[in-house]
Amino acid sequence: MSRRRIRSDLGWSTTDKIVVRGKDLPGEILGHLNLGDMAFLELTGRTPNPNESKLFNAMVVTLVEHGITPSALAARLTYLGAPEAMQAAVAAGLCGLGSVFVGSTEGVARMLSENADLKSYKKIPGLGHPIHKPVDPRTVRLFEIAEQTGFYGKYCKRMEEIAAEKKLVLNATGAIGALACELGLDWRAVRGLGVMARAVGLVGHLLEESREPMAEEVWYRIEEEASSHLKPKR
Amino acid sequence: MSRRRIRSDLGWSTTDKIVVRGKDLPGEILGHLNLGDMAFLELTGRTPNPNESKLFNAMVVTLVEHGITPSALAARLTYLGAPEAMQAAVAAGLCGLGSVFVGSTEGVARMLSENADLKSYKKIPGLGHPIHKPVDPRTVRLFEIAEQTGFYGKYCKRMEEIAAEKKLVLNATGAIGALACELGLDWRAVRGLGVMARAVGLVGHLLEESREPMAEEVWYRIEEEASSHLKPKR
Amino acid sequence: MSRRRIRSDLGWSTTDKIVVRGKDLPGEILGHLNLGDMAFLELTGRTPNPNESKLFNAMVVTLVEHGITPSALAARLTYLGAPEAMQAAVAAGLCGLGSVFVGSTEGVARMLSENADLKSYKKIPGLGHPIHKPVDPRTVRLFEIAEQTGFYGKYCKRMEEIAAEKKLVLNATGAIGALACELGLDWRAVRGLGVMARAVGLVGHLLEESREPMAEEVWYRIEEEASSHLKPKR
Amino acid sequence: MSRRRIRSDLGWSTTDKIVVRGKDLPGEILGHLNLGDMAFLELTGRTPNPNESKLFNAMVVTLVEHGITPSALAARLTYLGAPEAMQAAVAAGLCGLGSVFVGSTEGVARMLSENADLKSYKKIPGLGHPIHKPVDPRTVRLFEIAEQTGFYGKYCKRMEEIAAEKKLVLNATGAIGALACELGLDWRAVRGLGVMARAVGLVGHLLEESREPMAEEVWYRIEEEASSHLKPKR
């Protein structure tokens, strides 16, 4: 029984044609759009203009690589057990991009786009950083690119005001959340910027793990320390 | 007890500095590299030249969106149950990029880079397509871009010979596997091209799902049909 | 640099000894504890008495199999693409056990154990069911077992009062959340009951999928319908 | 267009009835089957007799808890970033149960049930253990339970012969693979025994992590060591 029509506008193909978001994939996309532009097309249904392309690519690129993160470690430890299923190792690494890391971009975009009451927040997303203080150098650079491309606007200003008021650094996820609003992106897609970026970075980590492994050593050390109080003394 | 040194060359940061692959992230990467270039940097340790950038971006962009795939459906069905954890829905969608779909790029790159004996294969990866025959329009276009950028070489030729010999279409994963070899990528990273690309596409699917849902309807229909032979007739 | 001691009390092993939660695995656990008892040991640090064993096993068993769910479909669709990585297909199926399905057990246990103000809830967890009305037969049976084993207590009564007040059916996740409180389980472990149970059920689905596949047919049908408005008419 | 009938025999429900594998869930399953028995029902379509129940539960219980494994670490690191999505942390932990860990049970069951030529194996699954030598105490105990329950048979003997011939310890995954064959389980379900067991154990790890966290400390230490050769000396 069919209750509701099922439809998707993302893509279709026939024997000799492949169309994505209304564009001919071989003819209009391949060789014309870079990976960030393609992401923009996926999320907005249109190709970015050069300014949008520059800013959007910078936002996503910011989130690709952060060195050894919990997410990268989870991916590497997963790869140790299932090297034949690299896709599952990337998936494991993505699973932790929640409320604590990366997910805060979504919180910022939602807060700004819904003009939320700050008093309703226990902790305002996008503020504070354990290492980068008093400024996050990524925020500085992203807002510089926003100025150059004409996208530094009310959402960026609002976040800077909030940060000043709370006397906390405006971190990169705060900047990216604000810039996503400037670009008119739906807040429900904004966590996805970090997810797609980190997928790129995790592939880099797994390639390095295949050449210079650390997962096994991490495991041995932690296992040994964690259970040393339980094991009989030799 | 430390048995082995743990090290990673991917990135590091201090209070005011963030360095990825030896480059200053704000100063040398943001605003300079697009997302595909950044992926190239992650996988090779260097920034691509313009020809490499054009080809590499085209290869990855090819794999972003294929409409409603099993992977996209798995992501959408996951999002239905946990919309607060979009990252887990993307992860679920990636888990199926194994030997049957997408993973064949890896098989092609390995086969070509190791100059494997074709007789040892039950099924040669990168050949055949259920829909795109007698040619896969993506292969045609990717090899055209390879010609333009100077990367159409021995691995592409070899795959075309194999396809001709086996009288099967050289599909996009076959072309991408060959082009990865032309670019000198390690075969162990090649499945990752599809994984990162599909992560981008899955975010697009989840945004569409949040606006025009299909997962619940899919579930109802399939559940009803699957169990109709068991349920008492009304 | 070590900042904090790393320790775990769950298990350890030496050449000839394997100890889990202070018990000798071969000698005191294997052949003595069933899988539900083992889960109880993992979550509480002690073996259950016969009444606890009966109730706890019944709670978890309730959540194993619900036929074709979104979670089961996600697992099957994942298996279609990566049959060599069954563990990843189970993982994909688990990723959707969030706020909408299964996760509500956690919400109930937290609400009851923290004696939360009902007015702070937009939607009270554990109430209502699309099919099972006016009673959920699992709730009836679980509370019967709770009576028999001496665990029908204040949390069960409280949930029944809330359901009566809201004029909604007390569903199985509501009952299980209440019973988890009666057993003294930490609410933070309660979502895990559904996760472990569903892992068991998903293995069953994947075995059936390997024998009587549905994923490919689901894919073809949905893909065809979803893109039919885009494709050129033949 | 429907090409093929979609059906599943696992379960169905109506307003007042829930049936799993042909049995009334509230009336015939809850309070009667423990979690291991329920898993047996899912995999075989029938309830186990007492001997089957004892052996099958012991096999699965063996695989629940191994202390700090790569899988447990991946789950804990994931939970650090997304504590609101515990199901995704369990999923991340399961993703690594592949060819290196746990998955070898499948290899053993397949080898034995297909009576495979040992010469075709580079490495015979189920043999050898880094710690438990010259015997794996779990194997000893599992075979003891097999003797008691009447399931010590040709597959167990065959594995013992192979281990003796190769002068390697018959490890627990080897024993479990053989016992799965004795119970008549399909080899395609056997990796699933470890997957469901480990799902139980991972919930235990995440509960411990929520009380006595280690993930953040693991991250800090490894990040510091991994990048120390890159960072400027202070």
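The first chain written gets the first letter, and so on, giving A, B, C and D; residue counts start at 1 in each chain.
Just so it is clear, contacts are C-beta pairs under 8 Å (C-beta built on N, C-alpha and C of every residue); 3 or more make two chains touch, one makes a residue touch a chain.
Just so it is clear, the model here is predicted, and its values are computed rather than measured.
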item: Label of the chain whose CA centroid is most distant from the centroid of chain B; value: C
item: Selected pair, greater C-beta contact count between A-D and A-C; value: A-D
item: Whole-Å gap separating chain C and chain D, where each centre is the average of the chain's CA atoms; value: 17
item: Interchain centroid distance [CA atoms averaged], chain A/chain D, Å; value: 33
item: Rounded Å distance between chain A and chain C, as computed from the means of their C-alpha atoms; value: 30
item: Contacts with 2+ other chains: residues of chain D; value: 6-9, 11-12, 14, 67-68, 82, 84-85, 87-88, 91-92, 95-98, 102-103, 214, 218, 222, 226-227
item: Chain D-touching residues of chain B, taken from the complex the two chains share; value: 5-9, 11-12, 14, 19, 82, 84-85, 87-88, 91-92, 95, 222, 225-227, 229-232
item: Touching residues on chain D, where the partner in the complex is chain A; value: 67-71, 73-75, 77-85, 88-89, 91-93, 95-103, 214-216, 218-219, 222-223, 226-227
item: Residues of chain A defined as touching chain B within the complex; value: 1-4, 6-18, 20-21, 25-27, 29-31, 33-39, 42-43, 53-54, 57-58, 60-62, 64-68, 85-88, 90-92, 94-98, 102-103, 106, 131-133, 135, 137-138, 140-142, 144-145, 148, 186, 188-189, 191-197, 199-201, 203-208, 210, 212, 214, 217-218, 220-221, 224
